[in-house]
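Below: one structure in structure tokens.
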């Protein structure tokens, strides 16, 4: 089956979620990928949404993070303060799964403003939502976004959610308990922080994508391995599950 | 109908609760009196127990502050942290209704230790429970206890719950928001703080009790009005309601 | 105790120009009808508070009701940007809107502090981000036992919180269920509260799992069936996703928005207004609008 | 993920000498059977934590398991004093017990802080009382916005929390309902947790209003019908009030208590013990005891 680059991105993101993990699902693409994971290799993945649903098992893709199908299928529905305090802040979440408008070489995320002046932004984005604390308190964070020179930047215009800040030691200095963004998945490939420098480096290219394409869609001097690994292409089962989950692209959150 | 002094005390305490008020019911005698009030003149009294039940309407006397009948008849059952934070601390409670082992001339309550040495007490009492914050945050507090020289003392051995502390201005200095103990009801009479001195003074004697008896059962030089008012004796309806509520004295909390 | 009022009266009595107002709801039970009534009554200079300002806040901002927005995530869920919000922030149209921006965890805890009668809340939040640099209401606080530094945020105490619920009785006791988000905290944090409800019943029977707001913490209840449309009311109606999708086009364009405001809410654009709305026209508009599906 | 274990094994594996242990329950669902198993296994030097230590803590203290008690109200509800607790505090029998004393509001918020991963909690508490003079874990804290002074208390982080619940499934997901007090917070605040349950079912169907503890926050579940006796389990059995009344006489007297300990739990008095209990004798005692009504 042929597939789109968006489908490859979503499937690669789904694959990054191990079965049985507890996953705090941010708004947007992550919700699609997390539900795909649950419908493919990770049936015991525990989905936690900031609306307060714990262990939601929706049969279709939720239309928002507060879709009624999440409450109807959840093990528990708790209040929004409780989900942030007792479940996220306490460090019980294995994976915080986030989208982003911009990410930078140190994995910092911007979903607030584009432009240098916060007071007079070029583009006003939705803002933080749950992301700052999801990125801080989850044991690790996985970020999924489309890659371009505008979204993969040397330094984000605004740090909405801290990745590795200005480099090694930053998270410790700021009391950020989780490991931070350990995996970044785009429509071109998969990135991870270099253990020595904390800078995002290419670890894997999606099928048919070249190193040159990845470099051209990156706002910093991207470090790439000599012979990058390749993401296995989507299986028919994965594509079928994704398409069954998401019948109408316009309805997805 | 003849009645015991304990019955008079309970009925006088019940009468102090106005219909429609929200009443945070402490463990012990207050629960009996609050339920009596709801079965007599105050059917719309809102009973709130520290176990988390809001608007409980038990048909019989609860055996403890966590009796199942409270949950079954309540408008809402919330967690213990919520009952203290959202409902009591926020200042939503009209009347905090408390018992005490000792009370002093300034309405301070002791339910912790008898004896001067906290580390080696003569009698170890149950402790604070919810009382310190009930006495602090309710709009006013009503205290009910049996009166004797040992329970009505000049200065409590331990201030578990602050009344008027050392006198006028104390509550303001300590950020205590409610008015404090505005009424103290015993088996002998009813007491209230003097507006000028904050000292508890006799305002009303129960039937057949003399000023001398009240003074003899008080550990400080009790101030009494020239011609103290008299508590109306229990009505037959009140006694019948109380006895119906409390069939077995040994089972009461 | 609670007054049972028509929505027009409830909004007129409870919400004044310059008030701090929270219309809360987390995708579910969003009080759209009340928001539209606020627009019709032409409230001005409101400080609007909400964790997730979405389409109804876009409408309030576009109609010129807001002077300030306190929030943590502003978007059209599942669709994209709030274009009226962006136009106000980026271009000052129809008037400039100040923003006070937090994270969800911070906002949730600010409501908790408000509901708890505390002046502030403590959380592990904002660390390493630029939010604290731009938002004055985020300060460091040290643990007196461990010395660790955490974030403090001040309590939210709206003048009025408005929520939508499934059910109330005639005394004004309220039940809501499903995803109830931060509504209990928002109501308890507020000085006054208005609850619009799908139905008013004679007797409210206990419903396990429902959030209950006793009448003594609710200022007014307004019977307002469909009052959460186009969001959903668990057990009553589904989310009208087409409305959210259609809103994108309406809101992208000032003229399309102005036409919507006039046609759907009977409100002339801000520039043409010289007097406050007369309330007697509101009730008719309200019922007319609730019968329509699109924005 | 949760292990489904016999009570004897669960206590042996989860609770060690010197641990800080919270057995929580607010009149309802008090984990008596687990407490008795701790006595049988002769744990020593425990720091016992509970808002409302009652008869089971009296038994643990009398049996010499405790070195320290962190609490806010210690009594036999509806009856009177805890005589074993008093004997330990007033006379050091069978050994001295240190106390760390709070109010309910303080203890509840300490559990909340523990469950929330915060080092401390803030409340309007203890003002004007003598508690802060005697309890080192109460400190003043100033609001960074208003300057107001409030009370700070450190988080409670038990090594183990033990609670009793109505139901679990075979994966260890737990449901409890009725008055659930502070149990969720106590479990989430703890490093390990043991839940004894009335019944284990194949599939746990959603129960509106129930508190749910997902298996991934529960260390072990032990099937223990009647495990809350003499307290009650909503929907399963009533409170055994006679037990509480009878306990008063048993506990007033050291000899009567010692006889109870020997006859009902098969445990010799502390002075006669020289070795740790052998676990194989515990299971038989446990089932024998649960069939009896009195203390």
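Chains here go by letter, A, B, C and D, matching the order in which they are written, and residues are numbered from 1 within each.
Throughout what follows, a residue touches a chain if its C-beta (ideal position, glycine included) is under 8 Å from a C-beta of that chain, and two chains touch if they have at least 3 such contacts.
Each chain and its UniProt protein: A, B, C, D = 3-oxoadipate CoA-transferase.
Here the structure is a predicted model, which is why all the values come from computation and not from measurement.
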Fewest touching-chain hops separating chain A (3-oxoadipate CoA-transferase) from chain B (3-oxoadipate CoA-transferase): 2
Interface with more contacting C-beta pairs, comparing B-C to A-C: A-C
Centroid spacing, where centroids are CA-atom means, of chain A (3-oxoadipate CoA-transferase) and chain D (3-oxoadipate CoA-transferase) in whole angstrom: 41
Chain centre separation (chain A (3-oxoadipate CoA-transferase), chain C (3-oxoadipate CoA-transferase); CA means) in Å: 29
Mean-CA-position distance for chain D (3-oxoadipate CoA-transferase) and chain C (3-oxoadipate CoA-transferase) (Å): 42
Residue list for chain D (3-oxoadipate CoA-transferase), restricted to those that touch at least two other chains: 112, 117-118, 123-124, 148, 184-185, 209
Where chain B (3-oxoadipate CoA-transferase) touches two or more other chains, by residue: 85, 89, 137
Listing of all chain pairs that touch each other, if any do: A-C, A-D, B-C, B-D, C-D
Chain B (3-oxoadipate CoA-transferase)-facing residues of chain C (3-oxoadipate CoA-transferase), complex: 1, 112, 115-118, 173, 184-185, 188, 204, 206, 211-212, 214, 216-217
Interfacial residue positions of chain A (3-oxoadipate CoA-transferase) with respect to chain D (3-oxoadipate CoA-transferase) in the complex: 20, 22, 46, 54-55, 74-76, 85-86, 89-92, 137
Residue numbers on chain C (3-oxoadipate CoA-transferase) that touch chain D (3-oxoadipate CoA-transferase), as the complex places them: 117-124, 137, 139-141, 143-146, 148, 150, 152, 154, 177, 207-210
Chain D (3-oxoadipate CoA-transferase)-touching residues of chain B (3-oxoadipate CoA-transferase), taken from the complex the two chains share: 27, 50-53, 63-68, 70-71, 77, 79-81, 84-85, 88-89, 112, 118, 120-133, 136-137, 158-162, 165, 170-171, 174-177, 250-253
Of chain C (3-oxoadipate CoA-transferase), residues touching chain A (3-oxoadipate CoA-transferase) in the complex: 26-28, 51-52, 71-75, 77-78, 81-82, 85-86, 89-90, 101-105, 108-109, 111-112, 123-131, 134, 148-149, 178-182, 184-185, 209, 232, 234, 238-239, 241, 245
